[in-house]
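Both complexes below contain chain A, partnered by chain B and then by chain C.
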Partner chain A sequence: MNDMTPTREQREAKLEGMGCKRKRVEDIRFTQGRGNYVDDVKLPGMLHGDFVRSPHAHARVKSINSEEALKVPGVLAVITAETLKTVNLAWMPTLAGDVQMVLADGKVLFQNQEVAFVVATDRYAADDGINKVVVEYEALPPLMDPFKAMDPDAPVLREDLAGKTSGAHGPRKHHNHIFEWVVGDKDLTDAAFRNAEVSIKEMISYHRTHPSPLETCQCVCSFDKIKGELSIWGTFQAPHVIRTVVALIAKIPEHKIHVIAPDIGGGFGNKVGAYPGYICAAVASIVTGKPVKWVEDRIENLTATSFARDYHMTTEIAATKEGKVTGLRVHVLADHGAFDACADPSKWPAGFFNIVTGSYDFPTAHLSVDGVYTNKAPGGVAYRCSFRVTEAAYCIERGMDILAQKLGMDPAELRLKNFIKAEQFPYHSALGWEYDSGDYHTAMRKMMEAVDYAGLRKEQVEKRAAFKRGETREIMGLGVSFFTEIVGAGPSKNCDILGIAMFDSCEIRMHPTGAGIARVGSKSQGQGHETTWAQIIATEIGIPADDIMVEEGNTDTAPYGLGTYGSRSTPVAGAAIAMAARKIKAKAQMIAAYKLEVHEGDLEWDIDGFRVKGLPEKSMSMKDICWAAYNSVAPGMEPGLEAVSYYDPPNMTYPFGAYICVMNIDVDTGVYKVRRFYALDDCGTRINPMIIEGQVHGGLTEAFAIAMGQEIRYDDEGNVVTGSFMDFFIPTAVETPHWETDFTVTPSPHHPIGAKGVGESPNVGGVPAFSNAVNDAFSFLGSTHIQMPHDFWRNWRAAKNLGVFAA
Partner chain B sequence: MQMNDSQRIPASKEKVWAALNDPEVLKKCIPGCQSLEMSSPTEMTATVVFKVGPVKATFGGKVTLSDLDPPNSYRISGEGSGGVAGFAKGGASVGLEAESSDITILHYAVDAQIGGKLAQLGGRLIDSTAKKLAGEFFTSFAAVVGGSAGAAAADAGSKSWISKLTGT
Partner chain C sequence: MIPGPFSYHRPATVADAIKLLSDLGDDARPLAGGHSLVPMMKLRLATPEHLIDLHGIDGLKGIRRDGANIVIGAMTTQHDLLASSEIAGSLPILHETALLIADPQVRYRGTLGGNVANGDPGNDMPALMLTLGASYRLEGASGVRDIAASEFYQGAYFTALEPGEILTSILIPVPAAGHGHAYEKLKRKVGDYATAAAAVMLTKANGKVATCAIGLTNLSETPLSADAAAKLVIGTSLDDATLKNAAAAASAIMSPAADARGPVEYRKHVGGIMVMRALQRAFAKAA
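Moving on, here comes the complex of A and B:
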């Protein structure tokens, strides 16, 4: 007997479907240097553009003289705001409902603002041209401190808004005010504080930083004058949105705009927005009739295309003596820079910051956010997080630790006491969200057991005693963080970008031989969509993942999607993929029923095909069904096997996790050592555990960077003093700690496959874990809150301020 | 950026004062100065090549003398633009004190601001660069004004080899 019939396990394994640690298919080309990035796009006759940028943070532009620049060999054109005005493009709309100068129009409002665009035959000539453009500035006093933005005598930054008492999000209180956003019940919350037995109040800042993908923002624009068509290759996290924006502002019919996002070397939110470089390259191509490439350099990326955070959060928590929270009150001063170019869904000026009640059962809460203009780069993007969710998680997780300190209670115990209980889901938060599912107590306890939390606290007590006896100069901190994210934007009832609902989409086309292609509205920047999307389809329709090609990023072929950011790909596009696959499966069932000569209802699904109930030997594989779809479908049925799904999610998803960081700090040098970092994530159904682990490692590394040193800092004159990787902290393998990962699984009840999204969780949960570890280490010396980032120098300064060097 | 220091020059106060007002002397002593022309007794235009860390640029600008109290003190200030490299503005209050008939102590208090790429890339090098340039200026100045004795005095009095290496 030599039965070669594969077992069920073998059939299942062959699919490499959901739950399989499938190797990333895209890595074959990436590891061999065969990726195709924007800078690899080289078109015949292609020109290069580069910017003249402002050295001033705030100045009037008196004149721009391009005469000498145009004499530089190779320089063909110098575009200024005056040029752009002739095509009505000197200003462009931002995603946040503001307008932004494409090129300086009368004034510059931040250092390195785009002033003129030099177009030349190569990059070197463009650079030489830039050196010859003479710009005469009249320096104005810069406004760098957001806390002074609304002073009565603060300089007027946005002269274009003179007399405008309301903006895209309601009334403006001051000439440098952008919006005020208020959520929650003020009276009830004020009452909770009046009656509070214990309360805390702290101004918690989340400093300005930058997503800093290794590949900077770039594009190639090529206008075909004969056809009137514009092709744009670009580093776009949301290619369809870019196409629509270009159609709206350049007045080119949308079907004549072809946007292609090829391989992207990291996005992290930096590549969501529309930047002056795209507009200028497009205009330059239209003017010259030749393709024009624009590629940012590192300094330009760090100093001009959108930053992240810069939230200053005055946080108050009310509680009982026993540590039960009774109210939360937060006021945020949000520094948006010179233009409000925040990349949030249009109706959400502070993103989903109202997730700030976190994982805790607050009976009442009140939140207000004031956005202000300063002379800093515009933006406010979601750097590896859903919109303003990292800020919110940092705010509440620091707040809970500060409250625990005041109560003299263990921070983990305080959290366990206040968690939303498993039976309370779906849970309605005091600030308006409906949490879909969670089991916080289980996750927290698993974390505490895994690291021997009680043992660590005991060691800390001993270490502190030894420090006080003068036996050691090392202090030890435990950073507990328990975060709840809100991702998967989002339901059309409350989420849109420029009026387009935030659905996502998938089109699957099966070929006769049983292989197929899936085109998806999302756009990978390194997340591994080509691998994981095929795994969803493999499990859904029983075709091996290797036989499914995934294509994204070409707006001519992909169905309209809102792109990849805010951990929305799996919650939204992932759902669309499953739903499209189910449409395929439904038609396949009809075909199988016809071929097997039974009623559809007599068939049941079995791993990779249909079989007749009670007659397992009578079956038809999906591969055979694909063939039949092209030659012998039932009379009256259309041939072919393809489906499209546009998925409008009924709710957001709410991933959560329990993290802990164990850290030692040498008070004499400020040097810290991360002894242990354990991250437990619950992202619902896990599609590819290896990719999840990779995502968690990457997100934690970015969280480590942000908490421990990464910063966009300005001096008083408005100079960016961290404008290169000499000063902007990017951890290498040398600095990066070892990561331990773990998980629980609480599926999302409303998502077709129960998945919640994970790419950003580690950044959201990681930052408070690091910061809480530093603060916990110093707390026994009398410190309440030390602002991030916690680099060696600041740790040393904190120790000094706490008097540990006293003789 | 602010910096206060003094320099001992082997020449009389009057001679030092005259040199401080002589565009030819200033041109010789300002590091990287390519041209310095007097447009009025208190105003000059200058071209200076300035290098901070990885950024090197030619600055064109105006130099103004003010608060003149001959032969005791003045303020020299300037403002220049280096195109894409950025801009610089600043000045120095200079005071002369006669230690003896042929030795003068020159006190100076410098304040300077820089902006643009110079500040972004060279920020951490500004202080050491400014000190280095000031050192170079006064070494040359002492040499020009005090002759060979001045050069030796300025050299001996200024720096150890290690501080030259570290630029402090």
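Moving on, here comes the complex of A and C:
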């Protein structure tokens, strides 16, 4: 060996494979303004469309007059439901098995609902046109309170469903009822409560909020009449699904539809579904023969495209005096707005809410969910979470704190007492999931040590005494949250979207010089797939990550995949990538054996190539194997080096984490200060620790926003009162707390590289940590549960209701 | 979020601007930093057909001392205020308040003239101007007039500015040396307008409050001068009871709107808290 021969460590480092804090390759273009987003797509002759929207939450549309609008210079067409009916597109199917109006058909059912689509030569003319469309409404009583939706005399919202006693998910009990979903053993659970020594019951609401990505929803549709082909550039988290949906509803052959999702500026679930804007832009392009762009503005995004949460969870826990949980009963009233446009796997009307038993060993549980219609925007998407897992985590983590309070027990101690033990995995939960792996006690204890939990509790005791003596106006809260996620949808046995199994895919093509391209069915919206996917391949096949180009989002070139949401990319697409890489490696081994003139079985893998067992100097690098693949493969072997893998996961993955928030609240103003936030995440094998940290920071910031003020709120008339960033809370760097991150590693036993997904954990685990901190702060004044969001005035109101200002 | 059609004018002198405004009438609006006007236009809540941009006019910008007054040109930005050693030295409360307005991007564009002329109850400068006893110079086709800030505000977005008039400068009497000052602002986040804010200017004699002025932001349709509250603290050393009384007197004149920042009761309550905190901080600072 001469001095120039790289050491094993150097060879390993050169790959920048799994475990490396590789810098994000996509950031070079993003930080220099060279990204290519939908709004950057500018086609010759392109037109612009924009919506006339309803000022009413509930009204009959008496007439729409477009005459004056059509006189506005530049306005070419005004599309209404009547126009859409000629192509059978006035309504569209939703992912949840409901139908949704594309444009108001006889009625409007929420404020800012799409009423007409004005197409013009530029965006200004389109907006001028909007202001000239005259719509005559007859106002109807709005139904805003989900708890009143099933009153006998509640207004009928969905006249199109008249007489339909069952929907996509079974029987309907009322004209505003969508579905009832029941899981678990009712009799056993009832018995657990009958025999309970201690029990709690609380209605825990998770308010309506919105994913609000930086880039709003948008598309450019271009129909080529000669070829009969439709090209769509759009902000799609799941471009292949969009292509299939378009093929099914627009009756254009699927191979003639080209869906391209270019760079996306954040999705968080907002960009999974299909929106009226897409349909209208496509129809407008077909009608005018020109490309048509639709770009949502911020107010439209917040008020009309998919909201998240709005779950009202009546939660009961049964336990022994010693604090061992014996049963869980939850009833959810789910407010879906005017149409059920939830983006869940089709068979799951309430997503994976049945993960609500959380990290605890509940012997029995019973869950029922009722979905109802109200005069609010449709949606119910998974805002940075796997299908209703955030709601479930909030429900159980608040519930456990309430139980601890009732028992007079420390909330951390109660959790430690009830955790599923490491040796119980794989664990079958009372509501039907098989948790793949976990080590909850270790994670919890690590968190408690890291923050000196006992010391913090001691300080809290002192602070409370000082408050009672009138020496301070500040109260202190500790918010413990221990969450179990369920991500990686999902196994074909239980997950599909409109009948398409939720696999994912990867195609790798190695070039002769040892570089290659990987095309993947997922679609990054900022997650950094171009960086991390290459790292998986680097480790698997020994080619530097820098030499692998990752491409996603073009349905003509990428293999069919179900896209990116629900933290599914690493669990599903990540597995497909590893499996495709292993196919490459298997063929590479055959090529190396032939070239080294040994039997395949005599070769062993060594970082970046194969070597002969016992003869380490006899080796062939992967780079050389790539070359050989194109010029000197064994007789009878096909040349080339590429592979495709479609991965149907055997199970979900179950990331978990232990979080704690330390907060002070000034009772006079309700102003809070997050003193400390510590987040320990276990996402199994860690592909890129820097990206994980970034994901955790982002998710915690969103969790902070949601818990502490971010909401979509309506007044009694159905007006959205938080429809812009003035009132919809997006924290800046100034408000955002400092995040401390930590980890343990419990690899997934069934995933090819043991990874579990992390993007959404911080949102799922963060919200209960903040809310528990606020609730914990107020608990010594006699409160059990204060609803989110915990913004300043509501904290003040809580203090006031607890008698803090009584003379 | 797309404004209606308008035409754009960029006069080079105040006289030209005034002429344009009087020729074009109600359909014309002066444009300063545009940070209030342009958002309104994007929502089509304002639809001026003509914008008269004041940026081309030399002499509408700048800060100078004129005897016992500091004169600030209407087009002076909040950033300019922060960068000025004159302001930092003799009007530190103006520096403090400017720093509480939004973020650097907004402050680079937003002007003092636009902020006080707009009549938006959420703007911080108007209440401060009341507290400082400032007056505004208005120029129009019929000449020049000075008006006290306390006479200027008539309702939300409704001021004494006559059609065709431009606010050209703001005149602020230099406060006494050794005065105490504080601007206390409660807001939900950077970039938000005040949930409640209070400005306090006071002087001390023999350890007691000698003079005091209190201004209130976003607690009514117009900025408020809390005169009764200010009177209450004179001659006291701000004991707890006095502070509470002052807060109560200030709350009595507040009539905020309920909005996403909180219900009326909350905003009045924290308005009182802001008054107490501003009084305490100003008192501690006064020599």
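FYI, the second predicted complex is superposed on the first by the 805 of 807 C-alpha atoms of A that agree within 3 Å, B and C clash if a C-alpha of one lies under 4 Å from a C-alpha of the other, contacts with A are read in each partner's own complex, and residues count from 1 in each chain.
The criterion applied here is as follows: contacts are C-beta pairs under 8 Å (C-beta built on N, C-alpha and C of every residue); 3 or more make two chains touch, one makes a residue touch a chain.
Nothing here was measured: the structure is a model prediction, and the numbers come from that model.
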Touching partner for A:Trp796 - first (chain B), second (chain C), both, neither: second
First, second, both or neither for A:Asp727, with chain B first and chain C second: both
Touching partner for A:Asn131 - first (chain B), second (chain C), both, neither: both
Which superposed partner A:Thr320 touches (first chain B, second chain C, both, neither): neither
Which superposed partner A:Thr784 touches (first chain B, second chain C, both, neither): neither
Touched partner set for A:Asn88, first chain B, second chain C, both or neither: neither
Contacts of A:Asp668 with chain B and chain C, given as first, second, both or neither: second
Touched partner set for A:Asn65, first chain B, second chain C, both or neither: neither
Which of chain B and chain C A:Ile299 touches, first, second, both or neither: both
Contacts on chain A seen with chain B and repeated with chain C across the two complexes: 131, 299, 721, 726-727
Chain C-touching residues of chain A, taken from the complex the two chains share: 50, 123-124, 126-128, 131, 297-299, 668-671, 709, 713, 721-722, 726-727, 729, 731-732, 734-735, 791-793, 796-797
Of chain A, residues touching chain B in the complex: 52-53, 55-57, 111, 130-131, 134, 299, 303, 715, 717-721, 723-724, 726-727
Residues of chain C that touch chain A when the two form their complex: 1-5, 44, 103, 186, 188-192, 195, 259-263, 266, 269-270, 273
Chain B residues touching chain A - in the complex, by the definition given at the top: 83-87, 113-117, 119-121, 123-124
